[in-house]
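Here chain A shows up in two complexes: once beside chain B, once beside chain C.
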Partner chain A sequence: MSRRRVGAATAAVAAAAVAAAPDPALAHGLVGRQDLPIPRWMFAWAAVTVLVASFAALAALWPRPRLQTLEERVVRRVPALLDPVCGAIGVAVFAIVVYAGLAGSQTANANLAPTFVYVIFWVGLPIASLLLGDVFRAFNPWRAIARCVAWGSRRLGAVADAEPLPYPPWLGRWPAALTILAFAWVELVYVGRDDPSRLAILALAYAAVQLVGMALYGIERWEERADGFGVYFGLFAALSPLRWRRGALLVRRPLEGVVGMLTVPGGVALVLVGIGTTSFDGFTNGTLWNGSGGGGGIAGFLTDRFASLGLGAENALMAAFSVGLVAMVLFVSALYRLGVQGMHRIGGRYAARDLSRRFGHTLVPIALAYIVAHYFSLLAYQGQATGYLISDPLGRGSDLFGTASATIDYGIIGATGIWYVQVGALVAGHVCGLVLAHDRALATYRNPRDATRSQYWMLAVMVAFTSLGLWILSAAASQ
Partner chain B sequence: MITAHFGHWWSTLLYLVPVVGVVGWLSFQQWKENRRKGPEEPPAGEP
Partner chain C sequence: MRGALSRTQRLALLAGALALVVVGFGVVRGGGSGGDARTVSPRPPATRAVATVEVRNARPFGGPRVLRFKRGDTIRFRVHSDVADEVHLHGYDRHRDVRRGGTVSFAVPATIEGRFEVELEGRARQIAAIEVVP
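Up next, the complex of A and B:
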């Protein structure tokens, strides 16, 4: 059999494997046809124009650093009991989701677990964090369990040292970055991603690792360094004007909470993983990855190569997607690295590694913008499924709250509306990134002119990220 | 293969135009500045 025929046969098997896989229950493609007044690529040009104009406006109108010192004030006292109550709710929700995954129907759309994990948790929480502050920290189930155990141990006088081991400084936030990469792999690559029982087992395994880590290195230290979801959602919460502290609600200027948050090792990598994995999710919906008219895509090419090495169809497909995922993270990292190198060449005074950490937080609003842009339709449509799933979390026909017959209203927002939300989110996120970078540059360099010059290449990075994001969304919408 | 599918991906190039434009403009500015400074003068920031 010729090489070409082997390839064609493999591609057919791979396509069959994809078709035979469970329905893409949580697919978040656009519904309907976009009715746009101008071609989509013109939106990219307009977005870049906004960025360049914002850059010029910042240079002219923002002569002093304003976000480098955190200014917070208490606006409301809240009962100290709120913290343990929220923790108890978080533990209860975690238990319900895991139980639903293990004991409920194994059809993804009928079980609460997949929708909760991929929509409410993964997409809803970053947006809620921006609007309300660090809500995940309040409801974090493993933190709540660890704190409850620590409290009980203290009452019994059993704990002498709350942190038996010092957390290694070199480890920084690398565990968090790896956690987000692993979650993205499960979501985007793993063929069993929609399987409720496997999701439940993974959630239990993650919780167990967190509890061991907190026991070894201390609850707070582990939570702020190594709990991937806690750190990731915490970054988005740092953009919020609200901050919850035990017994008080504080307000601050938007964005300023994130300044200086990524100076520890692995911090920048975490954000780059976030942007890269979200980009890959969009990229896999486009023609370049999938091909068109029966072939020509990168996925088919890679799957063929892995199949020719002896992998089965399913494993070859996962290997191809794994390579794509890692390649996209590396590509996004290289873009940022280019910007930092350019900054280093112009400024001259700081090492590239140092600049990378100093300016890493400027990527956080971009990461959030990518999440909103890529997953907004998922949240708008599949998020509504929570209405019937909370009444029937196991998919066994129960109706706990009388909402089991609720349905998803796909007319809530059209494809055109979604496109405008996506473009708006990307532009807003990148402008916020420019603001943070400009403010940081003013604090880093001696005079405003040097600061502005140092940011020329960061502007190029922002322009590249904007164009990349809109191209990916456009390619997905064209499919 | 790539040219056979040109009709599917040519519009991708339009998304590259702003990036090429900004990078080109920055490179031009850098080149102009280096030329104005001349080869003897050390780069800004160095002692």
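Up next, the complex of A and C:
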């Protein structure tokens, strides 16, 4: 075959691939409903509120650092048995979800696994962490298994001299950041995202990796640095006024727990991955990504390019979405980097990397606000599906608790209610972020004037994040 | 530490904030009402012809369109298709089989607000979107 004919054949295959390509606008098979875009008047009001709050904060916030020292007090003793009981429940739930995924119906909506993973676990836990403290740590199945094994082997008098390996300092929270990026890739890019058995296998593989990690580096050290979900949900739990310690419940002021949490390598990357991936999820609903009417749009353009490189239809689509996902994370990171560079020029005392880590935690409330704004309706509606799925987790017609015939009540909240939740979350996240940044600046810069000047930069970054969040929601579904 | 901002500077900032509120309100009153009129008041259903989604070569002709309805009205549309498939209105979960070259009609009370896909179920292809606005 001549060179030209090979080329022609490739082009024909590519054209066929493009013709057969599924439309890029497919989100979860789980979700039959998308939010309406935020109306223009509400968008404008939210933006104005954000700006006013920012300027008012500059003028009115406290002149001395207040959140830099942690003040906690015990409010309640908690029975020591609570920890193993929660762990056992966590392991049982994990086992049920994995079993349902492997043995149950492979229709996404009929199986417990996809709804549990994407709604209860991924969206429910960050919100529960804010309200109740670090619930995931209590129910974390792999941590429970590891602790059970450690306890058992101590009981049996087994090797006590096996010290864990020292955790490499440079590794920091990078494993966690990569985990969250990988999870987002599965959720937003991978075509098998809703396939129950693949989700179950991924969950098992993840748990296995965690067990190996904890065995090598010690349970608590690994949990604190490398277990992606543990670290990620732990960030949101740090915003909570509640903290659970062995045998006690402590209270602290809201937000203060998160101060200085992201000073290890990879910590800032973790929170930026969180913001970037959530933004990308919203962005892929919009016109800029999908095009409008017949065509255009970044997704179509990229898919065509990859298809012309010889990728099959599905792979070309996944390649396009992968590029978009990574590009959005990089864009969000560049935005933060810009603010850090600006701060770096003030006073000149700190290297940009130091500043980036010192201020990283100020983005945590914004990351949580993005999650609430984007996924609140998913939790409110699809979360109800757990009601019937627990009675029929395999989708085989069983009715364990008599709730199998329940349905989703879409009347619990209307579009207007959802808009207020979305805008409210973004504005609240913005205010919390700038409070944290203000306090951090006072502690960082000896000269209060420098502190204020540095905050112009952080303010600009935060206004940019909040506006991006609002813009994505307002443009999200408008085609 | 009090010297971070002088009293005058603080007052100036607060005045700036106030000015922003006023300007913002003006912007909202000016630009917002136009937006409202466009998005929230669809033409009265009585005078509107029932929209038809035209499927050619198993694709929506002219790309997937958004059909907008007000909550409380009836979602009415037709799908005319040159391929046999099942048409699925998501969220409301209505299914209708369409024959090759046939037409199916939907008439569903608009009770749930939001945006819903209309899909050729067998081909997993979106052919339109239904928006129900408050």
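Throughout what follows, the second predicted complex is superposed on the first by the 417 of 479 C-alpha atoms of A that agree within 3 Å, B and C clash if a C-alpha of one lies under 4 Å from a C-alpha of the other, contacts with A are read in each partner's own complex, and residues count from 1 in each chain.
Simple rule for what comes next: a residue touches a chain if its C-beta (ideal position, glycine included) is under 8 Å from a C-beta of that chain, and two chains touch if they have at least 3 such contacts.
Remember, predicted model here, so these are calculated numbers, not experimental data.
When the two structures are aligned on the shared chain, A:288 is found in touch with chain B, with no touch to chain C.
Contacts of A:428 after superposition: neither chain B nor chain C is touched. In the superposition on chain A, A:460 makes contact with chain B only, while chain C stays out of contact range. Once the two complexes are overlaid on the shared chain, A:48 sits against chain B and chain C alike.
Contact with neither chain B nor chain C is seen for A:404 once the two complexes are overlaid on the shared chain.
Measured by the number of chain A residues touched, the leading partner among chain B and chain C is C.
Judged by the touch definition given at the top, the superposed model places A:191 against neither chain B nor chain C.
When both complexes are overlaid on chain A, the residue A:471 reaches chain B alone and has no touch with chain C. Comparing the two complexes, residues 39, 41, 44-45, 48, 52, 292-293 of chain A contact chain B in one case and chain C in the other.
Against chain A, the residues of chain B that register as touching in their complex are 1, 4-5, 8-9, 11-12, 14-19, 21-23, 26, 29-30, 43-46. Note for the complex: chain A touches chain B at residues 39, 41, 44-45, 48, 52, 287-288, 292-293, 296, 342, 346-349, 450, 456-457, 459-460, 463-464, 466-468, 470-471, 474-475.
For chain A in complex with chain C, the touching residues are 22-23, 25-26, 32-36, 39-41, 44-45, 47-48, 51-52, 55-56, 58-60, 63-64, 291-295, 377, 410-411, 414-416, 448-449, 451-452, 477, 479.
For chain C in complex with chain A, the touching residues are 1-5, 9-11, 13-14, 16-17, 20-21, 24-25, 27-28, 31-36, 39-40, 62-66, 71, 90-91, 93, 111-117, 124-126, 129, 131-134.
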